[in-house]
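What follows is a pair of complexes built around chain A, which joins chain B in one and chain C in the other.
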Partner chain A sequence: MFLRLKIAGAASAFALCVGASAAQADVLFWSTQAKPVEEAQAMREQVLNGAGEVDYQPNDAGPWLTRLNAELQAGSGTIGVLGALHGDFSAMDPEDLADLDDLGIGASSDTFNDLAKLGTGSSQYIPWMQASYIMAANKKALEYLPEGADINSLTYDQLIEWSANVMEATGEAKFGFPAGPKGLKHRFFQGYLYPSYTNGVVRTFASDSAVTAWEKMKELWAVTNPGSTNFSFLQEQLLNEDVWIAFDHTSRLASAFNERPDDFVAFPAPAGPEGRGFMPVIAGVAIPRTAPDMEASKALVAHMLKPETQIATLKATNFFPVIDVELPSDLPPSVQAAGAAIATMSSSPDANPGLLPAGLGDKGGDFNRVYVDTFERIVLAGQPIEQVLEDQKRALERIMEETGAPCWAPDAPSEGACPVE
Partner chain B sequence: MNPRLLPYFLIFPVTLFLCLFFLYPFVLVSQEAFSNENGYNLDNFREVTSYWKFPISLKNTFLLAAAVVPVQLALSLLMATMVNRMKRGRDLILYIWTIPLGISDLAAGIIWLAIFEQSGFLNSMLGGLGLIDSPTNFLSYQTPVMVFVAIMLAEIWRATAIMLVILVAGIGLIPKEYYEAGEVFGASPWQRFLKITLPLLRPSLQTALVLRVILAFEVFAVVQALGGTLFPVLMGETYAYQFDLLDGGAAAAIALIILAISITFTLIIMRALRVPKGATI
Partner chain C sequence: MTTANTDVVDVREDSRKAGRYVYVTAIVLLCAWVIVPLYFLLINTLSSPEAVNAYPKSFFPEFDLGSLTFFANFAGILTALKNSILVAAMTMVMSIAIGAPAGYALSRFEFRGKELFRLLILLTRAFPLPLLALPLAVLFIRTGIDDTVFGLALVHTTLAIPFAVLITFSLFSGIPLELEEAAWTLGCTRFTAFTKVILPLVLPGITASAIFAFVISWNEVFAAAVLTIENRTLTAFLLQNLDTSPLHLKFAGGFILVVPALIFIFAVRKYLFAMWGIANR
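Our next item is the complex of A and B:
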């Protein structure tokens, strides 16, 4: 009897301990963003300082999703808050994310807030930070700019000519393109090349103007560093000067500007016959339905949207705020350079802003693969453009029909699934 | 304990472990490969094999295995014989030769990338010797042969040691008497190698080849680091299906295809190098 009492006592003491530690447990912030060690450290020390006990754990998209799915399947989990790109969230079942309408917060852009609903009636994630893709160049390349070309309003033809000039002068192809395995080349085709040449992404996939676009891409590739198929973060090649002119994600160019601010310039993406196509990158924060402490998670999400947190996030990750805040003057060089380039790009008279693919659900990867495959076949393997476009068009049609995703800008709106014309 | 039951008792923990961590996941993966939302069918296999990159990655995987494994076999035999003849410093040499075994394959890929890339060691060395004016890019889409050679070199450097270790152990088991008898009858070193070492090494060769060939079909990280998207292999496609396309069924299907290839080759090697009963030393 006495023994049994003792065991019961020990068990309840143990339960108490466990209960107490669970109540005090850190909120696990499970993120695909701010992965580099210095960024993750800055997130922990500056951004999440004052947000209570938070355990910030960034990871690659694969392991990130694997753990999340395991917790969702098990029906109980330890992840408190998710941080990921719009594309990561749109590949999820909205049912697995807690509705966040009652928080009453959001981005200043209604377009972003609509995207964050993932096709449902309520916010599934809260926009957290944004970025874009820009161009960067070593100042040594500037003297080879084609005559009459303004770096802030370049056209694709001028970019090709410029890169050709550099190649002629140095004997090396010094345009850099993120065509490596982890490179974001698909966004260049979806958000920059296609909108600039065809004023569309899906509808115009196999159009005549798309043929022109790919011809230009081949011309550009002829003056591109052939090692580009191994480049995924152009800041590295800018710094070691394998590349003088580059296109990439702002945060993948940042360390070039931060390490040698006087050596590089940032400028807008080039323009084509249909204007200057460009595309935003949106990261969001969400709460999985299995979050152990919903209140703590919501408090953390709210913290991420505070003006001072947004500015700290900008300094830590080079991603810009999604709410209206006054930016301080002591920003890192990368942020200043990228911010100015994005502002010039979006306020240029021929701006043709596109949106992130929406409504594709878990077919986002397949959608990207259509563009990457088209690139690999036309540009790397040298297959005939018309034939490849006809071929890939079928894959694209199948994805659009399966998902029923309506068109997004710059494609003209559609009734039902976006047609490939 | 009943001595007849003892062996079963002893292998029970291992069997349990394998059932739990190999057989059970294997059944799950097969289930995933052979089914989709429409029930059990071959759709996943049809999808992955009809993708335009599938024949290319299949060809590349085979090509790499065919180029790497024979070279490794020859090298490891040579190295094992050399080590076996050494009187002093044998262990030291063996340790040095097996260092690559301790390095992860991704790290190995990155080491070789540092050698071959545009601002890499090879370029700066050639530049320093005055052999080239400006750094050339060895690993580009224009030089597929060079990409293949780089991957081959990295694979050979990285994974020859695993065969070496097995063969060194095997050679050590061959009784000296056979060699002495061979010498008495005037067999040359080459003849002794062909007629004594190779036949008696068969069980070790079998193990070494099976292990190595299976690893060759699973090659991934080295290729990823050196070839990027230029040299698609089966394992890379598996990764892309699982993590880029989030299509577990298709990834499972390719994984099963790799498994089928591995099993086929294991059976072929086992059959070709089988040791007749009663002929063991």
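Our next item is the complex of A and C:
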């Protein structure tokens, strides 16, 4: 009986499977961005609505890259358009991406357009959207701000004092930091802490000012919720109030602002002696050389850069447009809050914008590892700062020499590989 | 003398009572181990986002269907569910069809390289899928079974076969050869002896390995994400996106992933119970 049922089941399974494999002519949009279910839904319904038949598939970085590499190796593919971060593209061979110069579109920022060339002479991807990292706080924390501190121009010292005040008042450490396994802590060190204290990332890695930076980091950690080593999306801890003051990626803070807009404030990252370091995040769209229908793919890329698509993308993903567009007034609370904080941050007199690491190729992950290891050894394991920096410096030097990557802002430009001084 | 006797009886009764307490506590703990997380999953699925983030948690659901409605409108979720069931069913059938004869052969016949074969069968689990996925995907694209339910079921079958072989091997080994021989003397062929005598005896074990195959296929994400695109399974479709989603949707998504598997296990549980000698028919 059971066996017969199973045989019948298998037969019908085969029949259905044959039926399901009929070809479909959708353009496959293979993305590492807009992954959360709500964002994926919004991408499908709002952003890609009107772009023709598009199948939007967000993925983890692992399957994303494996599938792409398989199609490149097999020489025939189903992926029409790739959506990913600058770092994902820079880890690829530019030969595998179609040149997009003939589209004649790009971001309004030339820096972004240059990054998108991936060291070649022509655009390998088109900048698609941008974001940054900001601070967010529960309004309950505001009354503990140190005297004379302006939330829009905090310094690291004031942030530490503020968090200490909150800790004293509530008995719990309420500063939150994305140090979890999926957290983006390395960007905090590369784009915020180091530029603010050393005006560099690579050159100044083991400098005296870097020692000061890590001392401050230890002070900050003392008033940080120790659960932070499990936090990867601070919106969750803001909402359940494990954390009152948080640093994270704008899109990882969004649901806090959208669910309880009146309870939270967004504000710029703090400043150090060398200014207010901050870093943009750039996502791009590209076309793999194996795309089944190059024309349809190019049309989709062009669609992503249209002003109305850029605004729809902003609403769907909390990533900001890369072209100059007039922002409408009906934006969700998270976008309004984050947009204002980023604007304040970039227009502040002491702004010290950094760039994403460039030219590292597939060593990008190793590069991040250096900063994460340094953090873990100094702050979590309590090892002596000078010693750890000296050790990690060698790992960093090796990466820079192997890749020959020149310095990027805020480091001073270099001839050849960026030196670790 | 008598007091000493009653003392002994008391002590015995006490220890029996204590034993009962331990027994009952163990059962309660084991049940709680399974049920409490599922119950919390259910409450949080049926709660509004505010209630999910609130603390302390309520013990009763407020029957807010917002999170579930979201998934009901999520494009492609039904197709993904159908694909998941198809792949899991095909994995079950294929891994039993291949694994059970292998298990039978291992337990009944002596042949050269038998020990090596038993070891080799485990080797399919020795390599992590992310390592195998790239060459597999290239091969699948070239042979044209890329992005089909059947192709993915093949991969899942490979993962499930070691369990199917080892479980059925120990089952067949537990059934005396004399039973089969008796059937042969009474006019059965090797095949009818198997279907009439052995198969009914091992059915519960086969169910168990079928459940293993089902669960392995149901839970597998990486190969599914790489090898299918239009025909995604539910896990590949949802699980990757859940880890970055807000908490209330994580719960609802988790619930949606768990329920079909639970229904399946409930449906086949009577075959499973029979394995431990508690026929429940």
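Just so we're on the same page, the second predicted complex is superposed on the first by the 397 of 421 C-alpha atoms of A that agree within 3 Å, B and C clash if a C-alpha of one lies under 4 Å from a C-alpha of the other, contacts with A are read in each partner's own complex, and residues count from 1 in each chain.
Simple rule for what comes next: a residue touches a chain if its C-beta (ideal position, glycine included) is under 8 Å from a C-beta of that chain, and two chains touch if they have at least 3 such contacts.
All values derive from a computational prediction rather than experimental measurement.
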Which superposed partner A:Asn240 touches (first chain B, second chain C, both, neither): both
First, second, both or neither for A:Gly227, with chain B first and chain C second: first
Dominant toucher of chain A (residue count), chain B or chain C: C
Contacts of A:Pro36 with chain B and chain C, given as first, second, both or neither: second
Which superposed partner A:Gly62 touches (first chain B, second chain C, both, neither): both
Touched partner set for A:Gly365, first chain B, second chain C, both or neither: first
A:Thr78 touches, of chain B and chain C: first, second, both or neither? second
Common ground on chain A, meaning residues reached by chain C in one complex and by chain B in the other: 62, 240
Interface residues, chain A side, partner chain B - complex: 61-62, 65, 91, 171-172, 179-181, 225-227, 229-230, 240, 242, 362, 365-366, 368-369, 373, 376-377, 380
For the chain A and chain C complex, residues of the former touching the latter: 2-3, 6-7, 9-10, 13-14, 16-17, 20-21, 24, 26, 28, 35-38, 40-41, 44-45, 55, 57-60, 62-63, 66-67, 69-71, 73-74, 76-78, 182, 233, 235-236, 239-241, 255, 259
Footprint of chain A on chain C - complex, ascending: 49-50, 53-55, 70-71, 73-75, 82-83, 86, 89-90, 92-93, 96, 130, 133-134, 137-138, 141-142, 146-150, 199, 203, 207, 221-222, 225-226, 229-232, 236, 238, 240-247, 249, 253, 271
List of chain B residues in touch with chain A within their complex: 52-53, 113, 117-119, 134, 137, 139-142, 224, 228-230, 240, 242-247
